[in-house]
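Next come the structures, one after another.
Paired with chain B in one complex and with chain C in the other, chain A is shared by the two complexes that follow.
What follows is the complex of A and B.
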């Protein structure tokens, strides 16, 4: 079953075409990867899906309903959460508060409820802190809960982004290069974490990654982008054997030689 | 030796209490006995700062602080002829603290640089001024006008409400721009507001233009009239308590976190489901309402308002309070507001007086143009530069709230550590 579908997606930046007519349907509950050389439009794709960019043409559907032209917060409300390639934490807040911000949509307290200190607000806050703590435990950051987010080591910041994204209880989770800057041990831990998330929840995960070990180990389906166009799609084995993909990554000569 | 003393003090609450009591007693006696001493008064007020640094539970600190402000300070200053002068200074401090706390919501929490903040103060002041004088009858008819001073209490909230509406109206166009542009646009809107008040005497006379509105009704509580600073002092303390309570509740709430999230990273905040414009507008509205409430008090206290009280220099002054005290830090901003107000009202004027005396005695000759009270802007500038270099987080830097990890872990223990279905759709998946 398809949960997220894009059709004829085009995004231009002045003269540069960031996304040039991409069609794809992401199956529900699976891990799909998006790969491609640098500047091929992977992050642009996530920005379009999460509403940070508005497509110039084409359509994006979540569970059959178009989400084109919606603001990012509306799209988050509909169930798409994401992490960022260039980490975007709430740097001056604590690790726990970052996750609490991720829970924004789960919580109800408004201005007047807060000012009047209504009992439901107190209960909600206590419950939220506990749930945020569990999420931190889940990604292995519980010991850092009171640290300021921008003081964390790099790998931990990436995991915190995942925890924050999961806090909104999304249907679709977009991970943009979650292993970037991680050492091999951290990468292995990350693979375990993503596998565990997928096994224990019905979450659909879209993953951008350059680390092929990670991609091949995790993804059920892969979409390959080059210059903003989809040049291939299939299972990891199909992608590995696809000459177009090898060409995009290594250049024409490599294919000729091979 | 000194270190030992300090660590000893940190360990013992009794020693802290004794020292604080001694300090308060001494400064009180000094303020009480001297006719007028700026130094003594400053020291008396700084005992509140000492209180802030003691290690008593928060509730005790608030209680002691309340007693200090409601009983000790008014009593200590009542000794001499300068009672009203002291109380006037303290009242002004309170007014500026509330405004600085309001601006702190906008600048410190939500990260929106607003250089026209005094506009909301003006809106509050004019709201009360217009309706508590015959001014209202210039453009409205009704036998109920002008309102008497007993409506003052209601107008504290009406003033706050109108100011927050104004904040939202202003925010709608202004919040489309960011960063430096926002600063410039708010600066412009602040000035426009003042100029509108200056010119709104025709075609319909609403604000009485540059002449201002005079004979504003004194607050009246069951026949008791508030006209002296020592009476307004208690009104200001009461509103201030309300403002601090609000800020404290908001600071670590869902809304407060949303403000800070937007400040730290707009895109990530939006992607977490935080609506940008609406959240920013709430910050504007909340900040403006504090300012508006104090505007009403200001109008009643001065019994006169005119546009010259609301220049952009006032906005800058409030901003300096926030920056000096520490953006996003409630105790810091309170301290910053006190320091700047006292500097303006007391220290600079005292130094000027003293220099004038010296000049008259012919000891030194200070040109009139160099008198310290005229160098306010220069001193603000210097303070800002020095702080930006040496103490970018302000006098009392903002601190994040730390949660008790042990409590969370204990609360968590009974439940299994396994995450239960974060997608919120029970069916499928967790096989």
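What follows is the complex of A and C.
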């Protein structure tokens, strides 16, 4: 079953075409990877799906409903959460507060309830803190609870971004280069974490990654982009053997020789 | 000379605390909006003034309807306060919607000019309404809790003199402190407070956390303006007379307080307000003595602005602010 579908997606930046007619259907509950050389449009794709960019043409559907032209906070409400290639935590807030931000939508307290400090709001805030703590435990950050987010080590910041994104109870989780800058041990831990999340929550995960070990180890389906165009899709084995992909990464001569 | 200073010290502390509390709460309004929009909301002084006028108007209405004697003082106080906070809060939301939101993606200077425009507009609007309904823009009403108290500090010995104040002075300080503590808790603990800080740090990421950025900005204006309006009521009750221009200089001084504390920092604004209030009252009482009569207390305003200049030159991030690198 398809959860997220893009059709004929086009995005232009002035004269440059960032996304040139991409079609793809992401199966529910699977881990899909998007790979491609630098500048091939991977992050542009995430920005289109999460509503930071509005596509010039084409459609994006979440569970059969178009989300094109919705604002980012509406799309987040509908169940798409993401992390960022260059970490974008709220650096001056604590680890716990970052996760609470992700829960914003889950909490029912309206403005006036909050201002009047109604009892149910108090209970809800206590419950939210507990749930945030559980999430932090899940990603292995419980001990850093009250640390300022930007004081965490790099790998921990990446995991905190994942916890914050999961706090909104999304249907689709977009991970933009989650292993960037991690050492091999941290990468292995991350692979375990992502596997565990997918197994235990049946969340649909889309990830952009350059670390091929991670991609091949995690993804069930892979889409390959080059210059904003989809040049291949398939299982990891199919992608590994696809001459177009090798060409995009290594140049034409590599294919001829190979 | 020292004995003169000591003699007036108790009074200076009381007056400084009173004025400082007013500056502090108004400064919070500047700092909240700056924190979230990087905009100096120059109309905030006029929000304070509007609060003072609304409080006075409701008070006059109570008087003419003869209700004032019929209800207890604290009830009347709470009613005028609630009315002023509600109206100024909504004014703040309206100003943001009309004068700032359409300019949000424009250069910062444009919004700043718009803010100054709103400031002048409100001054003259209030003046117009006041003159239309009473014939004068100076409005006085009766005040609550204006019985005099005397703090017999002189009994402590030395050359300390007594301090005089009204019951309302105590109310002013207590309410101001409650407003500040309440705001601090709100911002630190609640869902909406956390959302406010998130939007202040990174608007786009906050939106991706499903936070409705426009709603949070409107909320910030509501809270900041309601605090300003409440302070206006306290001020009007303390001094009895209001005019449409009280918000102008007071607003700039509160802005100075926010800059001193580090603009964007709520606790910094509280400290800055109290500090400037104290300095000003000290100067007002002692300048004549210190300069052997060459300069009188009327030069007190020099100090707030001297502080503004010194802070902007030597420590533009303020005492509690963090130096921000320009986002690339």
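One rule holds in what follows: the second predicted complex is superposed on the first by the 258 of 258 C-alpha atoms of A that agree within 3 Å, B and C clash if a C-alpha of one lies under 4 Å from a C-alpha of the other, contacts with A are read in each partner's own complex, and residues count from 1 in each chain.
In the analysis below, a residue touches a chain if its C-beta (ideal position, glycine included) is under 8 Å from a C-beta of that chain, and two chains touch if they have at least 3 such contacts.
Keep in mind it's a predicted model, so treat the numbers as computed, not measured.
Undergrad: Give one word, clash or fit, describing how chain B and chain C relate on chain A after superposing.
TA: clash
Undergrad: Quick check on the superposed pair: does A:249 touch chain B, chain C, both, or neither? Answer first, second, both or neither.
TA: neither
Undergrad: Quick one: classify A:101 as touching chain B (first), chain C (second), both or neither.
TA: In the superposed model, A:101 contacts both chain B and chain C.
Undergrad: Contact-wise, after the overlay, does A:134 reach chain B, chain C, both or neither (first, second, both, neither)?
TA: first
Undergrad: Quick one: classify A:201 as touching chain B (first), chain C (second), both or neither.
TA: A:201 sits against chain B, while chain C stays out of touch.
Undergrad: Between chain B (first) and chain C (second), which, if any, makes contact with A:50: first, second, both or neither?
TA: In the superposition, A:50 touches chain B and chain C alike.
Undergrad: Taking the superposition on A as described, I'd like to know which of chain B and chain C A:227 touches: first, second, both or neither.
TA: Once the two structures are laid over each other on A, A:227 reaches no partner at all.
Undergrad: Between chain B and chain C, whom does A:88 touch in the aligned arrangement: first, second, both, or neither?
TA: Both partners, chain B and chain C.
Undergrad: Intersection of chain A residues contacting chain B with those contacting chain C?
TA: After superposing on chain A, chain A residues 50-52, 71-73, 76-77, 81-82, 84, 88, 90-93, 97, 100-102, 104-105, 107, 109, 111, 114-115, 121, 125, 164, 168 contact both chain B and chain C.
Undergrad: Along chain B, where are the residues that touch chain A in the complex?
TA: For chain B paired with chain A, touching residues are 246, 249-250, 253-258, 260-261, 263-265, 267-276, 282, 286, 328, 398, 400-403, 405, 408-409, 411-412, 415, 417-419, 421-425, 427-431.
Undergrad: Mind pulling up the chain A residues that touch chain C in the complex?
TA: Per the stated touch rule, the residues are 50-52, 71-73, 76-77, 81-82, 84, 88, 90-93, 97, 100-102, 104-105, 107, 109, 111, 114-115, 121, 125, 128, 164, 168.
Undergrad: Show which residues of chain C lie in contact with chain A when the two form their complex.
TA: 186, 189-192, 194-195, 197-198, 201-202, 204-213, 219, 322
Undergrad: Quick one: which bits of chain A touch chain B in the complex? Just the residue numbers, please.
TA: Result: residues 29, 50-52, 71-73, 76-77, 81-82, 84, 88-94, 96-97, 100-102, 104-105, 107, 109-111, 114-115, 117, 121, 125, 129-130, 133-135, 137-138, 142, 145-146, 148, 164-171, 197, 199-203 of chain A touch chain B.
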